[in-house]
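Two complexes are shown next, each including chain A; its partner changes from chain B in the first to chain C in the second.
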Partner chain A sequence: MISIEVLAQVVLGGILIGGLYALVAFGLSLIYGVVRILNFSHGTLLAVGGVLASTLYATWGVSLSLMTLLLTPIFFAYGYLFFKYLLEPLSKKNHFESTVGTVLVTVGALLIMSDLTAKFAGPAQKNINIQFDTFEISGVIVSTTQIIILLGIIFLTLALHYLLKLTWFGRAVKAVTQDPLGAKLCGINSGKIKATTFAFGSATVFLASILYALSFPVDPYIGFGLTVKAFTIIILGGIGNLPGALLAGIFIGVAEGLTGLFWKPEWAPALSVILLLIILIIFPQGFQKSK
Partner chain B sequence: MKLSYINNQMVFLGSLALLGLLGIVQFANAYLISFVFTILIYYILAQSWDWIAGEMGYVNLGHYCFYGIGAYIFGIFLVEGYTSSTAMLLNIVMTSFIAIIISYPLYRLKGDYFAFATLALLPLMEVLAYNLSSITKGGDGIVFPIQKVSSLTYVLALVLSFISFILTLWINRSRFGYALRAIRNDEEVSEVIGIKIFPYKVKVLVLSALFAGLAGALQGWQMSFIDPGSVFGLNVALVPIAMVLFGGSGMRWGPLVGVILLACIQQWMLVNLKMLQTTIYGLIILCIGRFMPGGLLRAGWIKKTKFLSFLSKEHHEYMTDQLEKSVIQSDAKQISLQDILGTRTINRQILILECEHITKSFGGNVALDDVSFKINQGEIVGLIGANGSGKTTLFNCISGVFKPTSGKIRFLNQELSGKSRDEIAQIGIGRTYQLPRPFGDLTVLENLAMPLMFGGEGMSPHEALINARALATFIKLSNKEMVRSDSLSLQEKKAIEFGRAIALRPSLLLVDEVASGLTPIEVNQFVEHIRTIRNHYGVTVIWVEHIFSALTQVVDRLIVLDTGRLVADGPLAEVLKDEKVIASYLGNAKGVTNA
Partner chain C sequence: MKSYTKLVSTIVVFFLGMGFSLNTFAKIGSCNDPILLGTTISETGPFSTLADRWRKMTEVFAEEMNKSGGVFVKSCNKKVPIKFVIYDDQSVPATAVSLYEKMATVDNVDFFVGPDWSSMGGPVPPLADKHQIPMVMANVASPNLYDRGLKYIWGTPFPVVPRWSERYFEMLGSVDPKPKTIYFITHDNPVMKGITGYWSKKAEDQGIKVIGTETFAPDTKDFTAMLAKVRAAKPDILYISSFDAPSVALLQQIRKMKIKAMDVHHAMLSGTVYKQVGDDIQGMTGELPWYPGVKGDYSEFVENVLAKSGVNMFDYIFSLGRIASYLTMTQAIERAGAIDRELVKNALYKGSFKSPAGNITFDERGFPNNGAFTVQMQQGGKVVVVWPKEAATGKLIWPSPSWQ
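Our next item is the complex of A and B:
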């Protein structure tokens, strides 16, 4: 018999990891909504960011805030340039060529990133090894790390949400998502908006990677699994719908935790794939377009 | 049957290549044998992927998982002590079965969603292979019984590669291939011209899965070891796809050239690079995607180089060459439109179409509201109404593109509600689209030949193409027979629409604004066409048109729709006096409609 405390512990862990999945999904969702490109290397950015942050912390003791300040712009710039020079030119080709072209470019990037990361930082699992206090709330052990991660998730979700809701950029993103040609006719430079969206997506993943590495192990090869999860999440939560993605992410995180608890942990990775296939089969166009 | 696509020169070169590759087993060293073996396996995978992608336009990123499934099935049965031929047979049966099961859910998806769902099959299979360890031995992998099979697997891989190539040639010349190309261009139109598309989609997936499964089994057998990472891993799974794209997807020589070049590069890296192999490989994949997703063989310099230019030929060019040859040979036999369409006696008493209380709503928007009318055989009926009055929606309901929300449609006393689009086309309802939708990357002649291949008893593609020339003459495009239809003007595309609908040999033809945009002389010609197909070939016509003067020349009757309701139905003179019609469609005496 599983006690209520253990159950609560697992659910809390599920919420945290699910929130992190959702952060990965935010970027993918924005990118897919605006650019209509499935970026297969998206989750791999989390792997790269996580390994990088862990290594910097362990080797040189770089503080988390300095890391954030220095590396976020780099990931932002990476996203911008990656889109502008590698993906945007493909949109001018015919449909089949641009589809397979983007698949190859993003999968190529995935392979390069994980291999280089493994080469320079080693393939072993790492995390940011900061010791925090733990305390107990009615039998459930909670660490301050978990609180920090939770606050980080909430902060990033709100920040992105208001960025999209209140700023000119956000409205432009919405316009391009709904009708790229119409947006262009209204004077929105859609190429720039797309590249900037890509940049925001990449920067968000990096921030998520620091939170992720605070309490879960990262290695260079976890990326693709995360991309599959993120894709499941955006289909479940609706493309471009951030609150929906957050709920969907938490749902998957908790479901994985419970799979591990009530059945076998090694089946947890299959859960999101099976869920994805089931959703796609029932709603072939995703939730949004089906009425 | 004469295998017209294989000529003597090809047979000669083919046998030479086959002999040479067989000779390797006897005379070459083990290293060369295993290298050529790898190329053969890649070729089988690449070519079988391209049957779905190049021909049908579906990007199946999970193709490699059938390779893994085949390897596992074969390995498991071999370890269990079955003979190799039994294990291979079980592999064939089970892989095909799995492909059939998977195809049902997968084909509910299109485009990016199909691509992503197929890609997600790989991690799923990997997890299954790791976790179903009682069957798959989990992460330890399967060690095959020790047998000396390198020559045997080599010869089998060689044979399978040759079969893949011959099969590709066959697909390109067959009705099967034309069905796939129709699907690639436009699935709805494929159905509307009478192609039952789903069986073709399943068949091609099963065929390609089968070859991938066999390739997996052979590779596993040769290496005598497989584990989840090596047969389902992402870093290996996309390699054959990159090879096809590198060469040129959908081209005869594309997959072969791509496989040979990339495999050589890969081999060179294996020998000369001690590190970062995956990075270089990722870089190659990335660059192929970025700079040449159309393929090396479509590059300009290949077309210009004399001894390489044959490699750059697209499939329809082969078909065109062959057709031109046979047209010269058989020019004595001129096929007329009469031969294709035959004659149908008209009995004006017979009801050909009955619509009873048709309602169609989209959410809250009622596009058709309780529309009822009857059409007799041999009539030409004009269907008019303002834009948005539901004319095209009505056509969509009759041709099965939409299912009416309520109401009944009967065609020659058969209820249409349970029938699929292709069945409706097969029993004799043809239609055109207001915005023309010809199959863009096929030639004019191929477009016109398509319904001849799939309607009625079904002609062979060659026969259909020869017959289609009569249609091309009829729609006045005989000077552009061999031109790709997406390079034509709007009016020419509309002519193709019309010709293709006639090629279905329909007894009822739904014509949707074919004449708008034509010059007055062209309009008159088109009116003549409509009259001809009714008077000579007994086709009943419903014609939606805004050019009223054109309609008045030929229609027996007018039906008027206004915001989804039928407001008038009767002879021309009578309808024109109807005040509702005048108000809604023609404008009142002051020239402005009453809102």
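Our next item is the complex of A and C:
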């Protein structure tokens, strides 16, 4: 018989990891929405960011705020240049060449980034091992790390949501997403918006990587699994719909936890794919309202 | 001239296409060439944390062995040096299979030593039988992998599954207060599942009730559900049967979830875990096959090899299994008296070979009888041998205060 404390503990853990999945999905969702490219190396960028942040913290004691300030622009620049020099030229090719080309470039980037990270930082798992206090509320263990991560997830979700809703950049992103030709006629440089969105997605995933490494170990090879989860989330939550992605992420996180609790934990990683198949059959539009 | 150039080009292309190497024409069993030992090491991929320094260790082993001339071969009436052919199997069984095929057909190695890990111990050994090349595998500890009727297979894992936690359970029988319950958490891997299966039965036989078993996938990061159940069950002993790297997140979350027990035991407590988890593993117990300082056959030789290759036994706990495969093969060649695959096979069959941790004795399947010591991680990352008493380097702290 499972007690209510155990159930609450599992749900809390599920919300936390689901929120982290959603953060990974945000960047991918934006990129796919605007650029229409499935970036297979997106999760690997989280792995690289997490390994980098963990190494900086463990080796030189670099504070989280300093590494955020220093590395977010670098990831932004990486995303911008990656799109500008490797992906944008492919958009001038025919549909078949462009599709195959983007898959090859992003999968190639995934493999190269993983192996280079393993070469320079080692293949072993790392995390930002800060020992925060834990406390107990009615038999449920809550750590300060979890609270920090949850606050971080809420802050990033709101910040991204309002950035896209209230700023010119956000409106331009929406315009390019909904009607690229119309946006062009209104004077929006869609090439620049696409590159900036790609860069923005890359910077977002770096912020997610810090929060991820605070709670779970990362290694150079975890990226692809996270990308698959992120794909599931954006399909369930709706492309470009950040609150929907957050909801879908939490749904998957909690469902994985409950699978471990009521069934077998080794099935939890496969759950997102199974859920995706089932829900797409029942709700082909995902959690988004049908138009 | 034109036809001459064409002929030369054709020959070059032919040899390149055949994967031409100098070893292509190496003569098997020659007294004038070094004895070629073919092996793969998991230098990259998930198992590399356990083995990434073994190429150097293997090269140093050959250097040290060859300092005195190599292995004495009676039919050559002299010592013959050894030479390793080493490839990285990338921790991938399919890659290992193709590399052993290459070593048998292109490199023409005399004998195989390795591979490691039960996941490779499944698909690789049939190749040894196919090519009739004796293979002394290293860290392949699952007994069922030796039950397939293969005739050219032996293994030197330290410890083997049926003796993995023998001394730990011996110790549990003598401690006060005695543990009454145990909970197993198992990494989804053949050897780890084998350990849990074998030792959960032994625990019951010893009067320790198994109150739960959980299995986790290697890429699991969130253990909340599993640990919430463990916490509610309040076991006296929490037994973690896992390779070191996949258990890092588990160990960190055990502390965060404030799990309490008399002892938390890790079947693969190693320096790799300590480096990644730090003081969170304080007070935990584990197994160690051997450590420098314990005297035995070849102990000085092995200590020397480890020191020169920068391998620390606690960081790389399976190093003895690896070195033992080399020691066993070289002794078998010497015993056979010839660089002859059939004679070496006969020498290995039900043979007993020397190692620093005692004699390795094979049964008719090629499975050995190797055991391990029980260790406890104590203050400041110091590893102390606590059982058996006659080999102890420190006193067992029981129940472990860090888990109270």
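Please note the rule applied: the second predicted complex is superposed on the first by the 276 of 291 C-alpha atoms of A that agree within 3 Å, B and C clash if a C-alpha of one lies under 4 Å from a C-alpha of the other, contacts with A are read in each partner's own complex, and residues count from 1 in each chain.
Throughout what follows, contacts are C-beta pairs under 8 Å (C-beta built on N, C-alpha and C of every residue); 3 or more make two chains touch, one makes a residue touch a chain.
Values in this document were obtained by computation on a predicted structure and should not be read as measured data.
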item: Chain B versus chain C as contact partner of A:P269, first or second or both or neither; value: both
item: Touched partner set for A:I17, first chain B, second chain C, both or neither; value: second
item: Partner chain in contact with A:T204 - chain B first, chain C second, else both or neither; value: neither
item: Chain B versus chain C as contact partner of A:G260, first or second or both or neither; value: second
item: Touched partner set for A:T117, first chain B, second chain C, both or neither; value: neither
item: Partner chain in contact with A:G225 - chain B first, chain C second, else both or neither; value: both
item: First, second, both or neither for A:T177, with chain B first and chain C second; value: neither
item: Chain B versus chain C as contact partner of A:R36, first or second or both or neither; value: first
item: Chain C-contacting residues of chain A that also contact chain B; value: 225, 264, 266, 269
item: In the complex, chain A residues that touch chain B; value: 36, 38, 40, 86, 89-90, 93, 96-105, 107-112, 114-116, 119, 224-225, 228, 231, 264, 266-267, 269-270, 273-274, 276-277, 280-281, 284-286, 291
item: Complex interface listing, chain A residues touching chain C; value: 3, 5-6, 9-10, 12-14, 16-17, 118, 123-127, 129, 134, 136, 141, 143, 145, 216-217, 219, 221-222, 225, 253, 256-261, 264-266, 268-269
item: Chain A contact footprint on chain B (complex, rising order); value: 53, 57, 59, 61, 105, 108-113, 115-117, 119-120, 123-124, 127-128, 130-131, 234-235, 238, 241-242, 245, 249, 275-276, 278-279, 281-290, 293-294, 363
item: Footprint of chain A on chain C - complex, ascending; value: 44-46, 48-49, 52, 188, 214-217, 219-226, 228-229, 231-232, 245, 248-249, 252, 256-258, 272, 275-278
